[in-house]
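Listed after this line are the structures, all set down as structure tokens.
In what follows, chain A forms one complex with chain B and a second complex with chain C.
Right after this comes the complex of A and B.
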């Protein structure tokens, strides 16, 4: 997994690419989020459009990120969720937990 | 062949061998004083027999002038007596150098005076004698000149008298002095021997001492015998004793040098020495045989046949090369194939270390090899310690404490740049401010052997000076280079072995964990009145993160569980063991299904971090009513295939358990009719992927179950596994796969 980030309207937009599979990916995302929290930037959108594949550990990483931000009074929202991830979220019934939006703009707008 | 001729031959041979050995030893390492002294000593020892041979040849020669003993060349024979002061010096240098520190510069020169005087007297007696007559005073001459000349003349006449006495008894006087030298040298050698600790040097000393003892003992017997009983100890007896003394002494010296590396003479020189001697002997024998061929042929056939003797010579020459090779090999196998032969050392060392995996034993072998073959006095190891990720100097006999070396130490960085064995003195640039340099200097380190694995420095071996003051030769450096490469592979092997032991231990633990996990799974599906149940779980690794369970609640009700922990292997296995225990506790407590999932979720969420979760499905079959109460916590929807071909998915429940606290769950009930089929599975089946990264998919699984709904529980399970395997034949599967299949019987007996 590769991870790029940018800031848009006071919201951090993370754009992971490739596969989210655990191991180093978990550390990468966790360290990134910790860094943002340290800087007081706790509104985060993850753009999932470029994720090819995600396994159970990958889902765990997202949940971990969600929990970390929530514990720091922040929020993690998902944008451009692919069909595969959508079905994963549906089966695990995490749809009700994660806020998922069709576009990054919608996700950013939901913070205001 | 007369005894006289044999003796002459022995004189020639020993003289020749000794001088040749002297040249070899001196040439091998001219910078070493021990080599120079030994070389000179053997050279003068060789002069003796050569002159004796010359004397006996001249004495027998009919044409020799009667007074050959007075010829100036023959008078030079007394030069051999320089052997004695050199022997004394040698005994002060081997096996311990007593001279370098002690000084005694003038005494060292003074011990050469007696043989010098002896030679001068013998060589120049007549000239000296006549020179002292210069101041001869005529009886009638008086006056001023006589006042000056008279005392001088008296002095000179006294000197002349002394000279005459010396000349008359020179042999006895210098024999006594030589005996004194021999006794002193013997004393030094014996006391020196007791201080030797290196086993190799001890062997050398033993042979050298035996040679000296025999040689000098026989010499003493002959000389003292001649002094006390001149009549019994005739020229013939003393010279026979001397021949034996020389043969024994020089032979054992040669043996110590060739076989036991005395004076650390290099292999090349020892080899050339052996070669030269064998070929010289062989050629000598051949010449005698060729010269005598006519006589030999005559004695064999009784007649003189010139052509036959030519044929005999040609035959001899044909066999020269094979015989030479054979003798060469024989001598080599007797003398050279020793533990000190570098090829043997390398072969032996690699054979030993390849089977040594204990690092301590390995270091001992390295140390022993260096001490016995290179005669190194002390060996120190500095090795990288994985456990502290630092270099450390290991304890030794004289420095029993382990010392950790700073990573930034200048000397350590300097050694890191080395590729080959290097003299410590060439590393002085790295000494300033280096603790390591101080340590190496106090330990007297002379040589540093870096051990590099690709670019990584595993450590280095530090060697002190060699025993008996021997120096490191270019041959040694080559050997050290090869040995250090072997040490690198041996150390790496040993480390890998320790790691593999660790891995084996871990694997055993995992195997035990697998057994525990297997024991936790129900061994046989329970038999239920109205249905048949089958289940199978295959972990992708030794232990898995899937599980299924059957819990008999009472005579009519059976709890069925299927679950999948996130991740794989040991962490997932620990999660499911915990989950299984929680579910059993809740079921035994009679907790309603939705509350049970809520409790399990809360306990798991409290106990583990957010990314660890379990997808879980729990259902209760009530055979009395044909009902199935269930709740699904984020698990793949179980497939209910009705006998009429419709498919229902059991979705009701809530999110996965263990990830987030404070979640609520719902439960639902379905009625199971005759011949209905319920299949529970984990994502190892639905997400099985072929080589084109195409997933098997839940839709395909549902269709498969639907079209085979008439099969029994066991058959449908096999059908599913077979079909998934045809999509992804990887074995064991990439992900843990688990199936539970429940088939209702044709007739359900209701008790209502």
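Right after this comes the complex of A and C.
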């Protein structure tokens, strides 16, 4: 997995690419989220459109990010969830946990 | 230090997650050679990554002298993959249901549940010499 980030309207937009399968992938996203929290940047959108697939490690990372940001008075939202990831969120019932939006812009606007 | 070894339709990797991508490249390449569509390739690749993670972390407990073996074959339009570790085995009944409300926000514990959802058949053979999980999906 590769990870880039940018800021738009006061919201951090994370753009992971590739596959999230475990090992180094897990620490990369986790460390980045902690970096933002320490900087006081706690409104985060993850654009999942470039993720080919993720396994339970990826779902665990999303849960960890969601919980960590919420405990810091922030929020994690998802955008452009692919069909494959949506299917995983549905079968694991995590679809009820995450706020997901069709576009990054809609996800950013939801913070207001 | 051990390195991944590929022989025919089998790959051996040391018990280290840095080799997950070696297994993925190996499995996805063979699946495309079998003619699997991209959705089936992803479902099987996700499942194999779950099983190899379990074998490394829970089976072999990341011991450097233990390996994980992954074998893939196709018969009658169905792909069969086995993942074997050299750990102490486990009781599948000990796995908690990850969709229970009490477990929903846990960061771990969904691997086998996802494998059972994505694959057509899952068999677990556990002993004190290791665990083999055999999964099948018709493509």
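Definition applied: the second predicted complex is superposed on the first by the 112 of 112 C-alpha atoms of A that agree within 3 Å, B and C clash if a C-alpha of one lies under 4 Å from a C-alpha of the other, contacts with A are read in each partner's own complex, and residues count from 1 in each chain.
Everything below uses one rule, namely that a residue touches a chain if its C-beta (ideal position, glycine included) is under 8 Å from a C-beta of that chain, and two chains touch if they have at least 3 such contacts.
Bear in mind the structure is a predicted one, so any value in this text is a computation, not a measurement.
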| item | value |
| --- | --- |
| Joint occupancy of chain A by chain B and chain C, clash or fit | clash |
| Chain A residues touched by each partner, larger count belonging to chain B or chain C | C |
| First, second, both or neither for A:63, with chain B first and chain C second | both |
| First, second, both or neither for A:94, with chain B first and chain C second | both |
| Partner chain(s) touched by A:19 [first = chain B, second = chain C, both, neither] | second |
| Touched partner set for A:27, first chain B, second chain C, both or neither | neither |
| First (chain B), second (chain C), both or neither touched by A:4 | neither |
| Partner chain in contact with A:103 - chain B first, chain C second, else both or neither | neither |
| Colliding region between chain C and chain B, picked from 491-499, 653-661, 671-679 or 743-751 after the shared-chain fit | 653-661 |
| Chain C-contacting residues of chain A that also contact chain B | 22, 53, 56-57, 59-61, 63-64, 67, 91-94, 97 |
| Residue ranges of chain B in contact with chain A within the complex | 564, 566-567, 609-613, 615, 633-637, 653-656, 659-660, 683, 693 |
| Touch list for chain C against partner chain A, complex | 16-18, 20-21, 24, 39, 42, 45-46, 49-50, 53, 98-99, 104-111, 113-114, 117 |
| Residues of chain A touching chain B in the complex | 22, 26, 53, 56-57, 59-61, 63-64, 66-68, 91-94, 96-97 |
| Residues of chain A touching chain C in the complex | 19, 21-24, 52-57, 59-61, 63-64, 67, 84, 88, 91-94, 97 |
